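First subunit A sits with subunit B, and in the next complex the same chain sits with subunit C.
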Partner chain A sequence: MNNFSKVRSVRHTLSNLFRKGVCKVLSVGPIPTHIAFIMNGNRRYDQKLNLAKGTGHSIGLLVMLTMLMHCCDLGIRYVTVYAFSIDNFKRKPEEVERVMDLLKFTFELLSEKNSIANLYSVKFHFSGNLDLLNEPVKNAAKELMANTANNSKAFFTFCIAYTSTDEMVSAIREACDERRRAMQEQKKTGGNYGLTKPVEVVDIEKHMYMATAPYPDIVVRTAGENRLSNFLLWQTACSQLYSTPTLWPEVNFWHLVLAVLNFQRNHSYLDKQKKLL
Partner chain B sequence: MDFKKETRILYCWIAQIGNLLLRSLWRLIHVIINLCYLTLGIAKAFESYLISWGILRRYKSLQVAKLRYLAIVVESKDACQTSKIIELLQWLADVGVKHVCLYDMEGILKKSKDFILEELDGAILFGEAYENNEIPDQAQMTLEFASFSDGKEAVAKAANVLFMKYLKSGATDQNQEEAIFTESQMAEALKTVGSGGPEPDLLLVYGPARCHLGFPAWRMRYTEIIHMGPLKSMKYGSLIKAIYKFTMVRQNYGK
Partner chain C sequence: MHFSLQFSLPPVITALSPRSKSFSHQPHHHRIKKLTSHVPKSPLCSTTECALIHQCKEEEEEAFDGRVEDQTLPLGLRPEALPRHVAVIMDGNRRWARLRDLPVGSGYEAGVRSLRKIVELCCEWGIKVLSVFAFSSDNWFRPKVEVEFLMSLFERGMQEDTGIFLRENIRISVIGDLARLPEALQELIINLEEATKNNARFQLIVAVSYSGHYDVVQACQRLALKAKCGLIEPSDINESLIEQELVTKCTEFPYPDLLIRTSGEFRVSNFMLWQLAYAELFFAQSLWPDFGEAEFLKALLAFQKRQRRYGG
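Moving on to the complex of A and B:
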């Protein structure tokens, strides 16, 4: 058993060295600043391997943390995941509860002193209508944001209770509210309150949940689906949309490498399109 | 001191050789990736010819009725190739696709709108037929032309419609605000500003990369997005395959 664990340890070290070598090679080309993941296929994973319901989600969350580490190793500073859509509240209550419990557990784990959040100096942010979450999950999320507020090497966003259309409406409401308050201030100071400055694209953008991160360079969707499902619709005009048939719990470092290689192939074209905007 | 200088020069050389090795490896990986994509491209081209010749039977019967609204995104520099666009639209008409939205970022297709409508017998502008949020059921093909200004700028215009409503209502509490700022009110406001078209079921991207190039965000929530490759090498068989694959998709819509 001793020899076996020695062999495993050597294998693990060599595997890490090889991954670091691959990261070094990939870094010769452009590395995306921001990558977003639609973590699709957790329930199909349960069905495929005949597992108890919810196992796919548990493994999926572990895979998410592993992928975060790989992204940090590769030098990708911003990572966003579509953890829970507003549409997902339509699922069976026991499934929603299971996922919420799992998310709460993950947030609490990440809040600990020796978690990867502090090891990799990752700042966590939550995008979405957090008022739709129950109190324990909301509090765990707020605690995680507070505990990692001073981290600055990487930025990880959980999109939870999120849809792009809800994000746009919320941003418009904030922008209109800001405009109304500005008009009231002008009125108080005797300014020309008759003129209403219209709400502009830049006013809406600054109130988006995702305003804390640049637009994604790549959006990866797993399990072979080809749609965005109401995720980052506003932010992905010049993003490489990458789809892989692999289910999310089966995703690993090599899928990330393929996504980055694909991005590098199309980088100059996408860069040119960004300049046209 | 000489020894230190020589050590520094040696490290410099090692670093340069290391860099050269890394760059060579990177280029080699990309050559291999490009060869893989080339092989895949040849296989796809061969398959598309088999589909066009009717040899692959499963593509013969398409349930086109499932495809109520199709969007096509092209690069603005390809949008000038109106003959290719018209050929693509004629293929779609032959297959039985009735409602198409043509999009390019800079609005080049909008400028060629009259010419395209003229070349396609009987085609009309979608706006003339679209009422009451229902896609019309008719024999003629309808075409919509969209560009980047129908995306974010249209959302800003719709935001101002809601803003005026907000000011007029004199809403003071959150409940009153929530009644104005809803997704359904936003959809109505977008219609008011002329950007309230339906959500495409399928979006075909003709270009070097799978990227929607700013297609109106509000209209893409559950749209299937398929990359078709460059417009200059478009193939009828690939189009049939993309539509067939769409008809096989089953969406949960989050459930």
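Moving on to the complex of A and C:
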């Protein structure tokens, strides 16, 4: 047994070194600043391997944390995941409850002192209509945000109770509200507000849930589907879309490498487009 | 280079699929009477599909009198599973021209021919709306000569095809920040939209000087105006109100079911962001002037296989 564990630890060290080597090679080219994941395929994973319902989601969350570590190793500063859509509330109540419990467990785990949140100095942020969540999950999320508020090496956003259209509605509502309040102030002080200042892109963007992060460079969707499913529609106007047939619980470091290589191949053109704007 | 401008060239990368060769032989098509039933959002369950197949078989036994309403669908396409609204990002015209050592203008002209072919197929196969990304807000930064050429191409295309739109019962809508276009083109657009507004067989939406961000911002500006005039409260603003202010309000089916992007690029490039929330994305490798019936059929067949869950 002793020899077996020795061999395993040597293999582990070697594979770590190899991964670090690959990270160094990749960093010669442009590294994306922000990568977004649509973590699709957890339920299909259960069916594929004949597992109990919910196992796919549990493994999926572990994979998510592993991928966060790999992104940090590669130097990707912003990571966003589509954890739970507002549309997913339509699913069976047992499934919704299971996922909510799992998320609460993950937030509590990450809030601990020696979790990867503090190890990698990751600040956690939540995008979405958090009022739709039940109290325990909401409180666990707020606590995680508070505990990691001072971290600054990387930024991880959970999109929970989120859809892009809901985000845009909320931003537009706040922009209209802000405009009306400004006009009322002007009226009080006797100024003439009128129609001279139209609503601009920045007025809407600053009220978006995702205002804390730049636009994603890559959107990765697993399980072979080719759609955005109401995720970051506004922010992904010029993002590279990458779809892989692998199910989310089966994703690993090498899929991330392929996604980044794909990004590097198209980077010069995208960069030119951004400079034109 | 001995390529002629008059003939559309076969796709550079993909070969024509064996199915496409059977298009010229009538007996291979399904002769299906135009189904007036509303195309459901979710895939049909198997019993409904069986019922439809039985109905088709019964109708095939009746004598075919060749009426215009009958659709001729290629083998494999189910009329009930066709997308109602297809959106296309017509990418690759300039690359097509450069590959053939032709001026960029020839690429755009070949693109227009390709568009005509796809519009014809949509009418034939019963797709109700086709949206095309002709000119983005970001394209204004291209060389002035190229932009002017494109504007004159739009003008020419609309003038030449007015007759076809009227004859074939096609409705034209142009969406985007039209105030930036030359005045003559703006007038032509208004006249064409007015002349075809009652046509109901098929609608072609051309996005010129358009971007998804512009669409949402102009909807927000309209809503802000309404809030200022006291017509609505900011708290009343919801998804439905925004949908009614987006420029795609000109059509009965504002949300594309399928988005096709040609030339192998994997991005949406600021096209219809709100409306593409649940659209199936299909990325074709061939350049737009080479995107013909075979590739379009491949995209529609791929769409049929997709399982749309809308998050449920």
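Keep this in mind: the second predicted complex is superposed on the first by the 271 of 277 C-alpha atoms of A that agree within 3 Å, B and C clash if a C-alpha of one lies under 4 Å from a C-alpha of the other, contacts with A are read in each partner's own complex, and residues count from 1 in each chain.
Just so we're on the same page, a residue touches a chain if its C-beta (ideal position, glycine included) is under 8 Å from a C-beta of that chain, and two chains touch if they have at least 3 such contacts.
It should be emphasised that the depicted structure is a prediction, and the values quoted were computed from it without experimental measurement.
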Exercise. Subunit A superposed: clash or fit between subunit B and subunit C?
Worked result: clash
For this session: Once the structures are superposed on A, label A:241 by its partner contacts, choosing first (subunit B), second (subunit C), both or neither.
Result: both
Exercise. Looking at the overlay, what does A:176 touch: subunit B (first), subunit C (second), both, or neither?
Worked result: both
For this session: Have a look at where A:188 lands relative to subunit B and subunit C in the superposition and call it first, second, both or neither.
Result: neither
Exercise. After lining up the shared chain so the two structures overlap, which partner does A:24 touch, if you call subunit B first and subunit C second: first, second, both or neither?
Worked result: first
Exercise. Of the stretches 7-15, 25-33 or 61-69, which one of subunit C hits subunit B?
Worked result: 7-15
Exercise. Overlap of the subunit B and subunit C footprints on subunit A, residue-wise?
Worked result: 85-88, 90-91, 163-166, 168-169, 172-173, 175-177, 179-180, 198-201, 204, 226-230, 233-234, 236-243, 266, 270, 273, 276-277
Problem set entry | subunit A-touching residues of subunit C, taken from the complex the two chains share | 138, 141, 211-213, 216-217, 219-221, 223-225, 227-228, 234-235, 237-239, 242, 265-270, 273-274, 276-283, 306, 310-312
Seminar exercise, completed: The subunit A residues in contact with subunit B across the complex are 24-26, 28-29, 85-88, 90-91, 163-166, 168-170, 172-173, 175-177, 179-180, 196, 198-201, 203-204, 226-230, 233-234, 236-243, 261, 264-266, 269-270, 273, 276-277
Exercise. In the complex of these two chains, what residues of subunit A are touching subunit C?
Worked result: 85-88, 90-91, 163-166, 168-169, 172-177, 179-180, 183, 195, 198-201, 204, 225-230, 233-234, 236-243, 262, 266, 270, 273, 276-277
Exercise. Which bits of subunit B are touching subunit A when the two form their complex?
Worked result: 22-23, 25-26, 29-30, 33-34, 37, 76, 105-106, 148, 151-153, 155-156, 158-160, 162-163, 166-167, 177, 181-183, 186, 207-214, 217-218, 220-227, 249, 251, 253-255
